[in-house]
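In what follows, chain A forms one complex with chain B and a second complex with chain C.
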Partner chain A sequence: MAIDSEVLVVGGGLAGITAAVSAAREGADVRLVSHKASTLRQASGLIDALGYVPPTEPAEQLREGPPTAGRQLDRDEWPDPEGPLADPFGAVDRLPDDHPYRVVGADALREGLALFDDLVGDAYRGAHTDTNALVPTFGGTVKPTARYPVSSAAGLASDDRPMFVVGFRSLTEYDARAVAGRLEAAGVPFLVAGAEVEFAEAFRSDAKVTRTAKALDHDEPIDGTPAREALAAAVEPHLADARAELGGEVGRVGFPAFVGDDRAAEVRAELSDRLGADVFEIPMGPPSLPGLRLEDRLYDALDAAGVRFETGNPVVGVETAADGRMETVAVDRNGREVPYGADAFVLAAGGLVGKGIDSDRGGVREPSFGLHVPHPDDRYDWFVDDAFGDQPYARFGVRPDGRGRPLDAEGEVEYDNVFAAGGVVGGADVAREKSASGVSLATGLVAGRNAATEVHG
Partner chain B sequence: MDDHVDVVVVGGGSTGCGVVRDLARRGIDAVLVEKGNLTHGTTGRMHGLLHSGGRYAVADQKSARECMEENRVLRDIAAHCVEETGGLFVKRPEDSEEYFQEKLEGCHECDIPAEVIDGEEARRREPYLARDVEKAIAVPDAAIDPFRLCVANAADAREHGARIETHAPVTDVLVEDGEVVGVEIEHETGPGKRVHHEPGTTEEIRARYVINATGAWAGNVGGMAGVDVEVRPSKGVMTVMNIRQVDTVVNRCQPKGNADIVVPHETACILGTTDKEVDDPEDYPEEEWEVDLMIETLSELVPALKDARTLRSFWGVRPLYEPPGTGTEDPTDITRDYFLLDHADRDELPGMTTIVGGKLTTYRMMAESITDHVCEKLDHDAACDTADAPLPGSEDPAALDTYMEEFGLRSPVARRSRQRLGSKGEDVLDGVDPNPVVCECEGVTRAEVGAAIEDAGSDLNAVRLRTRASMGNCQGGFCTHRIAAELAQEYPEPVVRNAEDELYQERWKGQRHALWGEQLSQAMLNYQLHATTMNRDGDPAGLDEEVAFDAFDAGPAAGGDGASGAGESPGPAAADGGEPDGGVHGDR
Partner chain C sequence: MTRHTGNDDGNGDAEHTDQGDPSGSSPAESEPGVPRVGRDDRPAIFVPDDTAEDDPAERPVTDESAETATDGGVDSATGGTGSTELDPETYDPVDVFPGGDLDLRDGADSCYKCTSCDTSCPVAEVDDEFPGPKFQGPEQWRLKRKDDHDIDESITSCSNCMRCDDACPSSVPLSQMHNEARGQFVEEQMEKLSVEYLRNRLLANYRTSARLASMVPRVSTFAMNFGPARWAMDKLFGIPKERDFPEFATQTFREWWRERGGARVENPDKRVAYFHGCYSNYNTPEVGKAMVRVYEHFGYEVMVPPQKCSGTPMFANGMLKDARRHAETNVENLVAAIGDGADVIASCTSCSMSLRQEYPELFDIHGIEDVSEHTFEALEYLRIHEDPEGELVEHGEGDGQSFAYHAPCHARNQGLARQAIETFRDVDGVAMEDVGDSCSGISGTYGWKSEKYEKSMAIGEEMFEHMEDAEGDVGMTECPTCAMQMEHGTGYEVRHPLQLLENTLVA
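Then we have the complex of A and B:
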């Protein structure tokens, strides 16, 4: 007995949610299935659209043949990228022809961002302008992004107020002194200092960062002092040093993005008050609290849009298809394959990280629907020698037409009613471009809308 | 600078480190120079097998006996570098019964403890062995950490007055009046430990005697002195798995062949290897077929390897040598014995001896023999004690457990630290509080990283080799930046950044050979963390063009639409983006 809906979305990340909401807003009855917890929790929580046009031609010809065992690093040479870009839209035309932005169009990006703004409401900033913001990263530089969580707003690099960066001695992700030094090296237009603060040591030195966040949420006493007060007291002497070092007021203080979870705004407000400076969060790697907060927001929005969703069940293959249309897919529910039927399907199961694209020594494939993934036959052509060069593997994925339908090896649409969105779509190097969220939003919007047009009354 | 010492040892592999330790302990004033990190050449690029000698018990019984003898010595003096895994020579149905019997007899003849077990018993010990393995010979093979071993030798040498210079390539061998009188070296970042951006210097070290212990590179150093040393470097691949499919060294019982050994090592298994002669030890192809061969062939012994995750592959070159005129075609057949080439006898060039051939297991014995030789040359009378004196870190194995409690290290981090540090634990851990884990995969804490930095400067590859940080599943994706952050207490920008980039790119090199399945997913995740989240690739600090910060959004409160006044007009399409979200900002 098939479980039916009008549109079935496979994948619960940013692209899947965008597609589901887009289809639902067109009036379709939408169901979303996802295998694992979404990769949003691994993402920084920033919504990048397009920050760079990276070079696709090396500065010098790449080596031919296998890697060689030079003892010195034999990485290849690449020119500088174009960017950071203030205007994400104007550069779309300079991306490669098969880039998803070129395929679905820059307007899809614009509309996708607008949909995002609508879904997250006041949790995010950046919608007031088409211009990118530069946000400090925990790697000690700035990166261009289109939307940023409100918790990061006071950290913008185009704001010239002096900045103080706090690091926790018991957290090893960054050293605040190095971050400050690197920001200076990046040429930021403000004074910056950093210090490592004794605070989270009250917890086990290897406790999860979420432990710190919870303690601040609940204002748990640490050695008798409420956590927020204790944190402010720990930072205050270093902040005073920073004022002396920078020669005046310090308008903002950056923390690793662990200051509060459910009550983050309240925690920030109290810390700002106690420190006499705006407090902001520096987005971190996994587990990313801004990513988790975004995930919560988006699932609420999904619910509000009337989309039914279930997690924990992978799509393991196509069950039936006829006349170039997919009819049902097989969903693995506790070891039992259950058919899910729909008029249209959106595949948004992610890229290499989420196993929406998989590979072995012999080749690269899309495991859920068996869609075509173009890639070089020889796996030694999947990479280049500079870790940050134009990595072919970074562009692996299915290639859609302008409506979001994946194409086969001959360039023909594989199924009339199957659409792809997000990381499973190839052709973009979203990491170097700083375009991951934008690609998910643009392709998700197009896939969702077009899927809805396939619904038979 | 003009320095005068008794002996210069060129080459910081196991042989050179062993020699400088022996010299120093015998009261000879010695300096070791190495062009990279310790173990940079061949020693750091092997599978970490401490031979029982079983491998040579048929074809090369002299080597086999020496291996067993030294195997016993190293378990004793280098306990913190050795894991007593035991080894098996396993026989598959198609492998020769006659050879199996020869192997067994050979082991007995060479005093190698050897016991035949049937297939069932072999699988009881190693459940992942193939079902059709018929029987096996159990021998006392073990796993050894070559880097820890070399560092311990160098540390002991230093304690006894020797000087150790790494990142100091020899640029010339000084020859005066037909005699070698020293070397000229280049300190890449000045003498002492390596710190990025410190200016390089050159130094002439004059010495009464020079030992060329550069292995596969011996010909280069020989050439600087005007003598021919014809080493026949032979490459071999090692493929690193992400888990230990076996806890025992598994050898295939056959006369010779590629891909016939699996060595458990720390958290991983290492598959080896190939044996192919190359022209240049610095420049040879690292080929796909070699990696595929490891997986395909060794999965005949351990089928689980077939679809298992590999982390990376690396290659090393053996410093094979045979006396001129031997003419062996296949490098597999060249002897693994070592040779002292006294250039006074051989080339009428006194003052220098080259040591070639040999293997890690017998490094101490080789060092003893060359130190005897040097003592004779220098007319210095002192006995060797390196077979009895424990190396630093192995002096007091009983004291280990207590430290870890004391320093609050929890299992399994404690267990790992204890293994790595041996009796150095207390010195390393004392006074580091808090002591968070920096590398999660390998359980390496701040204290260990800090101690390694103190020893190695800003060279994070040297820190990696000392601690294993960044050598686990994520291959540095989740810890390169964290290890680099530990530099920040002592070193400013851009030292930290360059050190970080260097380690990240080094980790990438080996992963290129493992880019499929899980490890390709991991590579993508690493890439996203470093490029997307940190923006290390697009960092304005590394770009030629200056960034116009005022062209970017300075926040809604910064007046109007922020940056649009700076000339980066958002264009006419702005209305599209602005329109639908008009309601979004109402609650700002």
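Then we have the complex of A and C:
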């Protein structure tokens, strides 16, 4: 006996959630299954749409012969990417024809972002304009992004107030002075200084960032002083130095993004109050508290939409299909395969990094449903020498039609009732374009909505 | 009729010398230097020393790539061969670590340091002395490839909640690595006469003490919670005086089963073997009775084979030899039941976790894979094979009680964190609220140690708060120790979903 629902979504990231909610809003009974805890917790929490249009042709003819993984001295020449873009929507037409935005349309991106805005409510900013915001990151770069968490709002690079960046000495992947220096080098229109403070020394040097977040959330006493007060006290002398250095008022103070978890807003408000400046978070790589907070909020939204969801077991294949339609897929529950049936399926299991696309020396596969992934036979054609160049592998994935249905090797729809969304969809180089979230939202919306139309009464 | 209702102790103490197949990790697929295998495809690691040392020479010669599976030449408590000999003919420079069939290297190599495991670790969140699962797993595994590295003592602070397994996007077998390291630490580095070792051994072997206590349940319940005695246990033995010992039932589940005359439904086509575990037997037989009545309601013939502890508290305390001894009895009897056409059903999510995942990961016992593949949690199985939701919507009727439901960490890893909420969502007269995805903090025996008590309560704080905020004033969970913690933190009575299913459907 199969576990049935009208729509089955495979994958628990941004694309899967978007597809599930879209289908549920069309009236479908939706179940979402995810192999592992959502990878949103590894994401920065920024929602990008399109930050750059990278070149797809090298500046001069590439060297003959197979790539050498950078071992040749004569480097390939590539033009600079176009960007950072102010208007992501206007640039969609300049992307390659087979880019997911071109396939599902710029309107899908717009609607996907609108759905996101609705799901996260006042936790995010940026919906008031089509223009990208410029958010400083922990590498000291400035990222063009369509939506950003409210915790990052005071940090925008378009704001001309002087900025002070706080770092913790024990946090090796983040150096406040380097962040400030790189922002300055990037030509930001404000004065910026950074310093490392001693606060986190209260903990062991390799304590996890969640430990700090939890201590601030609960305002735990640290050597007798409540954590928030202690942090403010640790920052104050450095902030005074920064005021002297920058010659005047410093209106905003940036922290690495783990000031609080569930009560982050409360923590920021108290720190702002104590420091006399707006406090904001600078998004980090994993572990990412903004990512965790987004995950919590989106799963609440999923629950509110009536979607059933389960995490912990992988989909390992198609169990039955007939007349060009998929009927059941197999979910591996600790060694026993259990069939899950649905009228329509959405595959949103991620790309190469998320393991929704798999590869070995022999080829590139989509392991959940076994869908066709176009790729060159010779694996030396999967990459080019320039690590930051137009890497073919970055665009590997299933190729859908305009309704989101993956195509087979002949370009025909593989199953009438199977749709794909997010990283598993090929054609985008999301890391260079800064488009991962937008692709998930646009394709998720289209896949979810069209999956709902396949539901038989 | 009765079936498999024999002596509790079964006959599982028989010597087991089965070594398993050392090439069982499908070595043909392993390409040196190209890690591919996550936890989904890996060998069991634990072979007791006494059998492991018997016959290395007689070990069947397998193809060479099996020998690329490595244990790094370390004499491990969990049974490496320790060979450092290399055959120059088959030497491949990629194979840095020679010899042995206990290979976790593929798993270690699958780790790309994303720290998702650290972020999900409830202990690291409250204890900055704890370096987190990424260190305890892949990093420590690499460190101990060299002889002069001891296992770091912090491994004993891991509560074995296994949330890191669920968080890892690369299927790194974190809990398997933790279990191995903990076993090695306890075996080789822990003072066997220390109070801590004895206390942990006692906690791990709850079944033994519970069996004795159950012979005089009222006296035991009183004596275990007698103030001065608790003070002394705390001071001398490190068992926190703040906690109340669970009450012992005046009639164990097995006694009830025997008195009842065993199963009342015979059905060769629908059979299940009930793995009740220790707690449902000695402390909450009402959960076991609910399981029997609910399954009989759905037309199943219930078997209750002889069984011992699932091993969960033993893994968490590094007592792998104890766990293996119990596993031999369990596997033997459960395999027999599977032979009679039964699937194995557990009402405790840690028991089902253990039989499904930890058993095949840690032990090579004949039939252990069959047990793993045939084991399910009670509600999970009904949801696969019957339609409890449909029946509940049609016939189910609650008494208006609202429940604050907590999903145990071990349920989470089996994909079961939402099953109770979904099953009862549309039932008249039942309201159930999920109190969130935090860990209860007790993690079996972890919260039963004085030095861990405060951390355990700090981890549980989020759950307590959410329970207080929830409408219901009765708790619900599948895990007996989570239930203890829920009760301890809020004073709520706590029930098992099977009891609610019994009340709404069968009664």
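Heads up, the rule we're going with is that the second predicted complex is superposed on the first by the 447 of 457 C-alpha atoms of A that agree within 3 Å, B and C clash if a C-alpha of one lies under 4 Å from a C-alpha of the other, contacts with A are read in each partner's own complex, and residues count from 1 in each chain.
The definition used in the following text is that contacts are C-beta pairs under 8 Å (C-beta built on N, C-alpha and C of every residue); 3 or more make two chains touch, one makes a residue touch a chain.
Keep in mind the model is a prediction, meaning the values are calculated, not measured.
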{"item": "Touched partner set for A:336, first chain B, second chain C, both or neither", "value": "second"}
{"item": "Which superposed partner A:126 touches (first chain B, second chain C, both, neither)", "value": "first"}
{"item": "Partner chain in contact with A:214 - chain B first, chain C second, else both or neither", "value": "second"}
{"item": "Partner chain in contact with A:440 - chain B first, chain C second, else both or neither", "value": "neither"}
{"item": "Touched partner set for A:42, first chain B, second chain C, both or neither", "value": "both"}
{"item": "Which of chain B and chain C A:311 touches, first, second, both or neither", "value": "second"}
{"item": "Partner chain in contact with A:360 - chain B first, chain C second, else both or neither", "value": "both"}
{"item": "First (chain B), second (chain C), both or neither touched by A:5", "value": "neither"}
{"item": "Intersection of the chain A residues that touch chain B with those that touch chain C", "value": "42, 206, 286, 355, 360-361"}
{"item": "Interface residues, chain B side, partner chain A - complex", "value": "36, 40, 235, 282-288, 292, 295, 307, 315, 317, 410, 413, 434-438, 446, 478, 481-482, 484-489, 492-494, 496-497, 502, 504-506, 508-509, 512-513, 515-517, 520-521, 523-525, 527-541, 543-556, 558, 561-564, 566, 568-571, 573-574, 576-581, 583-585, 587-588"}
{"item": "Residue numbers on chain A that touch chain B, as the complex places them", "value": "42-44, 48, 51-52, 54, 65-71, 73, 75, 80-81, 83-84, 86-87, 89-90, 106-107, 110-111, 113-115, 117-118, 121-122, 125-134, 137-144, 153-154, 156-159, 169-175, 177-178, 181-182, 184-189, 201, 205-206, 283-286, 351-353, 355, 358-361, 378-380, 382-383, 385-388, 391, 393-394, 430-432, 434, 436"}
{"item": "Complex interface listing, chain A residues touching chain C", "value": "1, 3, 33, 36-37, 39, 41-42, 203-204, 206-211, 213-214, 218, 262, 286-288, 292, 303, 308-314, 331-336, 338, 354-355, 360-361"}
{"item": "Touch list for chain C against partner chain A, complex", "value": "31, 34, 36, 40, 114-116, 118-121, 124-129, 131-132, 135, 166-171, 356-357, 360, 369, 372-376, 380, 383-386, 412-419, 422, 434, 461-462"}
